[in-house]
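Chain naming follows the written order as A, B, C, D and E, and within any one chain the residues start at number 1.
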């Protein structure tokens, strides 16, 4: 995508020895007594796409929320661009301008138009000049074929359009990392595609992304690495291709089975 | 029923009508402002402040305005604090109103989905920016229906001012009945006077509610 | 003949103002006045709630005339201040009916009709808040209107009705403070009698007596509000969970 | 236009009987009497809950002679007419001053007290003439003769109208008004209890009387009350009641003849 | 499934000349000015499975609701078992005991246990004896492996379990026709399968069914006939196999494309 202005991504995407963009070490998260994430560690190099898979309740959303400071963590460290994050709200606020996040749904502000939604972060938080941000916004809107909705309110958009705007809103801040949490889960089937295509395009342009999804075909195509979570633990860590063709654990295999609801062999 | 009796009483009722309107307007405005303050203070991180506000709200919401007025008007002078009848009326109804309005605001702001606040955070908005661009506009809109109901409630409660000799509508009607014993005529004027204030008010507020909601959430 | 006010005053004057509440039978008299208020409220609720439930159920029916009439009934009670309604009944009811009616009865009737109006709206609101697909599911099982009401709509909306009803009960109790104005010996009237009987010995009794009555109302109404709040929260959680 | 129509207002007893007859009251075993609850020494409630005062003594005496018990209904000044009209009481004994307006709506029996409007004020700013009240505030109770009198004769006086006696005296003591106007009979008693205040204007307007009232058209009860009052006057009941109920509350300059109707 | 007690189904399923179980002719439905269904006609023979496909808003739900009298129609006729339906609420109430319907979601009564939910219709509406219905319920519950949840409340069940109970509830009334409207649409992907399997089993036992679904694999396997709706009109009417392999219209083809969100050919 035209707007990915981070000079590092494309060039460095193959250099595995580089400092990873994001590095998570021994991360622990509990709600009260309930340990939801236990000793999670992984590194995300620049320009790579990580897909988080796992059954419902395994902790995928929680993990992705921890990476944006929306949850406080009980142990371990998170390093972003080589610098450890101390975890104060103020620091996170700064970092969140470099980490874009898109949620399952409903996250556009209903009281603002599409343009106001998109401009809010860049102008108010990043204090960039409106005249500089607007052309960028217009290019991105054109990219996703939603230019005509510039002044529409979110309620006038379909679910798929809303999610594409949410992605544009995050991209306009020029993030170095994008987090996606089941962004197509509450969409009608026909709208899933337009959102996934946009994400595929971002991946091709070497945006670094961490993605939670239930769309297996998409996951297979987009994932550089798959992390398979269960019960707050990373059970498998494989390249995308390997995970889908020969998962290492039984648990992952039966998970993959369950995700393709009706296969061609008869059941009864 | 005598038209003449009604006509003769109209100048007095007109005065009372204007007074009722004036006191209602002051009470609603003060209650709204004070209610917002109380609602915000109840969310305060300083426990004493939020507890005082909670107590204030609970005390006033759960006692009748009439006894609050008696206490302000007849009780307080015993300890050396003398407020005029109108002051007591305004004070009583705007404090009571504030307690109700605070509830309306808290309900409205509490109804904002968590995801809205999280996506504001995800954009890196500071708490103040979040309040300015996300929480206030959405919360106020959500508070409007309860605020409208409270406003109507407050206008109706001005009828209780009669007990501390404020010459508003109810007081005037009772006074005339006591002097001239034309019960039917004065009651009729009284009911019509309230209808003239409250029917348009209720219609306008319902329209406003709908408009504001549609303007923000489109439903 | 009973001792005059002066005799009493000489005995009592030495004591602080709040003692008037506990002088003689005053405390029990105040409670008795409160009981009058609460029982008027109670009777109004007993009479108004069932009527309101029926009216509320009728209001979700499709008959437009019935709906308009019931809506008008509700709006009348919404628009006119309760105090004025009380006066209307107080002045007009006994005359029109040609029977002797005391203030308490009038208050019960006036408050009861008011309660019915409010409850009808609570019930209607709760009934239509039952999701459409639940009603459709009932219809798909072949249920008729009454069966839908009984098996689907009512059980799924009582959770919402109960807190609103308790809140209304508290409001009715608070509104009984107006009984003072129609010659019912309620708690405030008793308070004023006490202040008058002790006006020489305790000129500051107003502060204490009104303060005490204020407290009495709070003690009755606050727990109701808390219960309603707790039930509401529980209903909400149950709906989400 | 047909010759002789008796237009006498209170004597048109030929028309239909209204309210309960003496017979009906006896049968019910109780008479319902409206009285004040906050007006010592005329009608008030003691700390033990019992009613007392001059009006109450009369009521008790009437009931005793009827052989029934009393159902007291406490009213405020502005509720007295309606209590009768709407059949809530049989008799009003609540310092009810006889006026022409009231005669239109209730029937008065023979009077048992004399009364006139008086004005009480603090010694520090004593009012000795009603004209001094111009531009000042004056407390009255709704539905009293004082209210009507000042409304009609002194429109320049700002009236603060209260629901009950308690409230008007309280407001006066709290200094919310410059003076208070009411029946001089209460003011005498009140001024005695409250040093520092004087009834500076003792009589204002015409002297009037206080009488029991029954529902308009209740000829039967009216007749009985009239004969009863005559008997009681002859027996010296009122003088006796004056001594026990009223005298202790009055200053020495008030004579029985100022208040009660003798002979 | 053991409980399908309709004697006609299996025997007659191949006799196309028989009176169809359901016959819809020139059906029209409008909300105000908005014509949602225009001149819909089709016959459903006993024992056959019809699948309704079409984009969102094409009128699938509306059609299926019309067939159960949940919407009043503005024109055309519906015949059930050869008898025209006049359309009074009373008549529909009677028919609804012979036509089972399962909705997208949440249609168990939350205040009743599983058993109470299932028994409500047979005992209160059909006035059958509890002692007769209970064994039938128990057999059906055993069939779907949910016997142990007999006394559970709906909130204690997963989405997939709830939908299976909803199907059992409908079956216990011994319907001759079953209507399904996107019964898996709001389920987590892992639960979709258990519901679809149950429906496949019903089809095999020659239950007459009309099914709206977004699960294409399932539709392909279960459909005797596919009706493809667009804008309230039946655009295509084909056997299941034919529709999926060579759809006749462009519109159906592009619909099928959009339903397999990400295919293996790259897009950009």
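The criterion applied here is as follows: a contact is a pair of C-beta atoms (placed from the backbone, for glycine too) under 8 Å apart; a residue touches a chain by one contact, two chains touch by 3 or more.
Quantities reported herein were computed from a predicted structural model and do not represent experimental measurements.
The chains in contact with subunit A and with subunit C alike are B, E. Interface comparison, B-D versus B-C: the higher number of contacting C-beta pairs is recorded for B-C. Rounded to whole angstrom, the centroid-to-centroid distance between subunit B and subunit E, based on C-alpha atoms, equals 53 Å. Each chain gets one centre point, the mean of its Cα atoms, and the points for subunit A and subunit B are 47 Å apart. Computed centre separation for the pair subunit C/subunit D is 34 angstrom, with centres defined by C-alpha atoms. Those residues of subunit C in touch with two or more other chains are numbered 91, 181, 203, 206. Shown for subunit E are the residues in touch with two or more other chains, of which there are none. Within subunit B, the positions touching two or more other chains are listed as 74, 77, 162-163, 174, 177, 183.
Pairs of chains in mutual contact: A-B, A-E, B-C, B-D, C-D, C-E.
The residues of subunit A lying in touch with subunit E in their complex are 55-56, 188-190, 192-193, 196-197, 200-201, 204, 214-215, 217-218, 221, 255, 258-264, 267-268. Within the complex formed with subunit B, the subunit D residues making contact are 77-78, 81-82, 85, 101-102, 104-105, 142-143, 147-148, 151, 160-163, 167, 170-171, 174-176.
Interface residues of subunit E facing subunit C in the complex, by the touch rule stated above, are 65, 68-70, 93-97, 99-101, 103-112, 120-121, 124-126, 155, 166, 169-170, 173. Taken in their complex, subunit D has these residues touching subunit C: 37-41, 44-50, 52, 73-76, 79, 82-83, 85-88, 163-167, 169-170, 173, 193-194, 244-245, 248-249.
Against subunit D, in their complex, subunit C makes its touches with residues 1-2, 4-6, 8-9, 20, 23-26, 29, 90-91, 93-95, 98-103, 181-183, 185, 189, 192-200, 203, 206.
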